[in-house]
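These are the structures in question, set out in turn.
Shared between the two complexes below is chain A, which has chain B as its partner in the first and chain C in the second.
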Partner chain A sequence: MKRLLFICVVALISAVLFGCTAARNSADPNANNSEDSTGSTEENNSEEGATITYWYWADNSEYSQLMQDIIKEFNETNDKGITVVGEEYPWDGGGYSETLFTAAIGGGGPDVASFKLTSTPLFTANDLLLNLDDYIANWDKKDDIDSNIYDIMKQASGTDSIYLMPWNTQVLYVYYRPSIFEEAGVEVPTTYEELLTAIEKTTMDTNGDGKTDVYGFGMRGATGGQEPWGSFIHARGGSFDDLTSEASIQGMKDFIDIYSNGYAPPTASTDGFNEIIANFKSGRTAMTIHHTGSSAEMVDTFGDDVSAFPFPAGEGQWTSMGDTENVIFESSQHKDAAFEWVAYLAAEKGQEDWTVATGNVPVSKSVQELDFFQDNEFMKASIEGMPFAGIVPIKDTTTEWISTIWPNTVAAALLGDKSAEEAMKILQEELHAE
Partner chain B sequence: MKKKKFNFWPYLLISPALLIVAFVVFYPIIEAIFMSFQNYDLRRPDKISFVGFENYIEMFNDPTFWLAVKNTLIWVIFGVGLQFFFGFILELLLNQQFKGRGFVRAVSLIPWATPGVLIGLMWKWIYDGNYGVLNDILLKLHLIDAPIMFLSQTSTAFGSVIVTIIWQGIPFFAIMILAGLQGIPHEMYEAADIDGATKLQKLFRITIPTLKNVIFITIILRVIWVANSVDIIYSMTGGGPSYSTQTLSVYIFNKATVLDLGYSSGMALLLMFMLASVAIPYIRNSFKEGS
Partner chain C sequence: MSKKSFGNRILTLYIPLGIILFFLVFPFYWTFVTSIKPERELYGPTVTYWPEELTFASYAKLFGEFNFLLPMFNSLLVATITTVVTLTASTLAAYAFTRFDFKGKNIFMSLFLTNNMFPNVLLLIPLFAIMRSVNLLYTPTSLVIAYATFTIPFSVWMLTGYLKDLPSSLEEAAMIDGANRVKAFTRVVLPVLMPSIIATGVYIFIQSWNEYTFAVLFTNESTRTIPVTLKNLIGQLGVQWDLLTAGGIITIIPVCILFFFAQKKLIEGMTAGSVKG
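Moving on to the complex of A and B:
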């Protein structure tokens, strides 16, 4: 009996101690939250010496190191003693956003994260993101970013508020190999019809063994391929709003014809980012579509034998405007420190370092004026594409549409399991489902 | 007659473990059951409500669901069946006396010890239509004229992925059966030799009947694991092209990652019941042996 009593007492003490610790842990965030909501000067002072976690993805190992260098410089130079801890996660064809959401809603997310516009409704619907209206209104560099970009941020949230801090944009254009164009006797296309002809003519058997050695177009059939695909749909006068229109279906037929006529690698139905870049860099494709994020490695591989042109106009013209922003989470205990960091990336040294090294289009007007951006041919193709650049409609169906519906439906169409009409009907219904 | 005093000590001592199991196993299952009766879609958090059997009705009208069920059956029957077949052959070889047997036994375990995602990525590059080593070998041996797009066409993708899971699971069968084989008394084979039994007679009259329980339990465990596995398919094809490699567990995963948790919970429960029907004989067998 004595032993039982002893065990009960120990259990009771343990429970009390555990309860006290838990209560204290849960009390702290509330205390900080109330501080945050005041927006007082004392609060800003309390941000000094704060440590914030930052999630990001990088397209290759050089960009990983670059981001770590930018973080290091910020940590050493900011006058508030803020320490950013950068944690890299793979983009994984958009899986990054799902990982981020799962972490954030489970209470384990970072303070700040790299972000895509398309994910905005999901995160704002669950009240995960910090409203940046007041921060931007009081920011001395707010006019260094075009007001049009702030408007796009507002559109993405479906409100009049800004939840995303602009960082950089990527306008897709066509990479091509001048030497292959010369061998095939084609000029840089200026119309959509010329592009289709160029794709056909640059598909070549270079060693005469009866097999194709160079494919005209590096098609992306896996996740992410909806962006270049959208250019074909719009070039025939179609649009994302009505994918079942005759024009949209004709664009889809062009896309299927490129594959079924053998102008794209046979693996195209499952080729993703890594595959289209590897195919282009190995000389297996004459053209492919991506943004300036790949330009540095393309130049490293080919030197002068790589160039770019904007996706040409047909009856319509469209190219995908990729985007990368940063967001601050509502759950962050150091929101002011977090804003210092995203501001550094948006319009200060961090903006210049990242965009110059990656070749992404800066959002800061003062950085855009640097010679590097004015003289670069890939940047020129990006800037020429800006007037007709757009995004896939941001709806709550978009994430699933991009990650599973589009790749599987388009693969079925490319492989002949579905007609262009059937595929477009599915894509229309799934994108615009209520 | 003196009434037997109730001994609460065993229950008290086992209660922490029971509480933990209840929290990490039963609570999520109950949550999943509740979710499956709601349109629990985090993309539309303001519309979450009780919808009765709507998710299940939608499931039965969803051709992708039925394709996933069909793929799951093929995946399990061929995946586990051929793992067992080749595992049995490997185990018979590993049971022979030869120089370096210990080393070969250790090396043969490598596929089982390798993480599924790594296996998926490795085989994805082996199968690659442009740079894959398998196509390269087949071309050099003049067995094919042009590279086969193993993972890019619906006719070959699923078979290619099944080969990968077979490769991964063979060592598990081999080792489990080998362990059972070690327990067969050598005298039985000696007696059979004296009676003039052939090798095949010894295999079918002694080895296989004695290993019956080990084989049964190993197959049941593997059926459950293979049916639930997502890593290899997801890292190789993501369920594509055109859903041709999408099993039920991959479909559940794909739906859950786009946050349609109500629908994916419903499918997960159906999969659980399907697997429970396989697992119940195993559990009953375990209880019988325990008692």
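Moving on to the complex of A and C:
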């Protein structure tokens, strides 16, 4: 009987708790957990005093606090009485985009969310994102962002429209060791041909034992290597659109030659991010390609003996761009207020606060001009690379191509199992398969 | 002779036992040690198996600026209510399935089984839309209901197995002595079934405590549960190992306490029906 009584009491408590949570939900329409705050059931269309929800992920607890501070400042300073409610969601190895999609397709989701370019086709195919063309055309700070960035946003959606508001980027550049350059007697390359020469000359046997001690280029042959590789292809005038063109194949031949001539470590065909960074930090390589995400540890390791330059131009010029954008959802009832918020993050105080604190590359030209960015050689190399930065085409095949096809095919080419022509034919067919 | 048998015991019992224990305990030890290392040592080039300098800064940060008490409370609330609701529903359902004959009994049981064959992720969007339309989204209630969709069917099957092994003559005897069906159930069946109920309850509690997929979608900042909060510490470019391991250690404490108290009953429940005679 006591047990039954116990179960009844617990059940009663549960019922009370249920009631409380449900009551809280319905009694507080402006609370940050309310459905109304997502805007999807909001009746009031006025932008004055609008409350919008913003989903974002943060890479660590400092960034999390930083975003909350930026939101707080925006809420206090914007003259339209807009209130942004920030909701942090886990990055979850990219699962963030799936969570966002599920919520949006389920009729919920936020007004605004931080976003990755690669997810664009999925969301635009389901008409979930707001077309920003008119907003950007009428935006007074439209020209504060490089036109190339807008082009990348269009390319991601596969249309002539912009659905993503640029926020911050990571642009790949070439790290180099000034002391090794000096020892090899080479200058910082300004052309692609000079880069190839520098790679050759900085490959050195420093102790005279007949073995290479410093390799000119820290090549990334494992997943992720398609980004630096793309720079070689474009430098010969090739492109992702036609990987079987003569120019693209020549770029591939250059890439293979670097490895087969021994200008890259023998492990390059399987080297990933950790290996190229470790090789560079240990002095085993004279140059490697990455972005500002690793610059702090490079400076920790080498002090002044590390610097950077943008990937130089040949027939063409291209470097890979990592990205984080913001999107406004079509379901939002406060689209104008939502645009005020994404504009604040793209080219106003929010842009400066976020990029200065996180070390990401700003998209706003006026923020790029700040001493903080101009005095940092890695930031400068990134900013210089921005006008020719790009992305691997986003297709249904891209994920598989990046994770499996590219590393396997390029490894086979580097090891001599496939010719440059054969490898590029496979890469072309697999990337552009219908 | 005794020396030889002692040697045999070491070789055949203690050494294998030690190796197994090492594999079981070392991850927990490593998690704990990581949580009390200073940042300099944690990310330093030298691996240390015991910190040169002890610090509980990650725990202080976790409960201070990270406000870990809130997700702990939310997880406890959701897991406890889910366990109570599921056990109440599934014990009664299992009793009905084993003691009464009614039309569609087998169909219902099969439905419960097939429910578990679908990946939970398939239910995500429909449940999200339902919760949204009934204004339950972002409340602990939405999680309890979502968890009940897979804990109740499983628990019904589990308890049905136990109840089938329980002779109905027990309650029949009670009813001959004047007890009605309810009295026979509460006074006779429930006490005997208690180990099985506890075993099922522990399963439900752990499922609800660790669940992530529904939790990330059905909660917001104020109703986040532990798995979602911990996952926030794994960023795009790095992991905050100090906070993550401290959170991990804190997370397993309630489960350990639960096991500590339920251990005896749990073993009885898990072995119930294993020997017939």
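Observations
As a convention for this text, the second predicted complex is superposed on the first by the 228 of 434 C-alpha atoms of A that agree within 3 Å, B and C clash if a C-alpha of one lies under 4 Å from a C-alpha of the other, contacts with A are read in each partner's own complex, and residues count from 1 in each chain.
Throughout what follows, contacts are C-beta pairs under 8 Å (C-beta built on N, C-alpha and C of every residue); 3 or more make two chains touch, one makes a residue touch a chain.
All figures in this text were calculated on a predicted structure; none of them were measured in a lab.
By the document's definition of touching, of the two partners only chain C reaches A:293; chain B does not. Touch criterion met: A:279 reaches chain B, while chain C stays clear of it. In the superposition on chain A, A:88 contacts chain C only, with no contact to chain B. Look at A:399: by the touch rule set out above, it reaches chain B but stays clear of chain C.
Looking at the shared chain after the overlay, A:265 reaches chain B, while chain C stays out of its contact range.
Once the two complexes are overlaid on the shared chain, A:122 sits against chain B while remaining clear of chain C.
Residue contacts after overlaying the shared chain place A:59 against chain C, while chain B stays out of touching range. When the two complexes are overlaid on their common chain A, residue A:221 makes contact with chain B while staying clear of chain C. Contacts of A:415 after superposition on the shared chain: chain B is touched, whereas chain C is not. Shared contact residues on chain A (touching chain B in one structure, chain C in the other): 93, 95, 105. Within the complex formed with chain C, the residues of chain A that make contact are 1, 3-4, 7, 10-11, 14, 17-18, 21-22, 24-26, 32-35, 40, 57-61, 63-65, 86-93, 95, 99, 102-103, 105-108, 293. Listed in rising order, the residues of chain A touching chain B in the complex are 93, 95, 98, 101, 105, 121-122, 125-126, 211, 221-223, 265-271, 275, 278-279, 282, 284, 396-397, 399-400, 403-404, 407-409, 411-412, 415, 417-418.
Residues 42-46, 128-131, 146-147, 149, 151-154, 237-243, 254, 257-260 of chain B are the ones touching chain A in the complex. Listed in rising order, the residues of chain C touching chain A in the complex are 61, 65-66, 77, 81, 84-85, 88, 124-125, 128-129, 132-133, 135-141, 144, 186-187, 190-191, 194, 216-217, 220-223, 228, 231-238, 240, 243.
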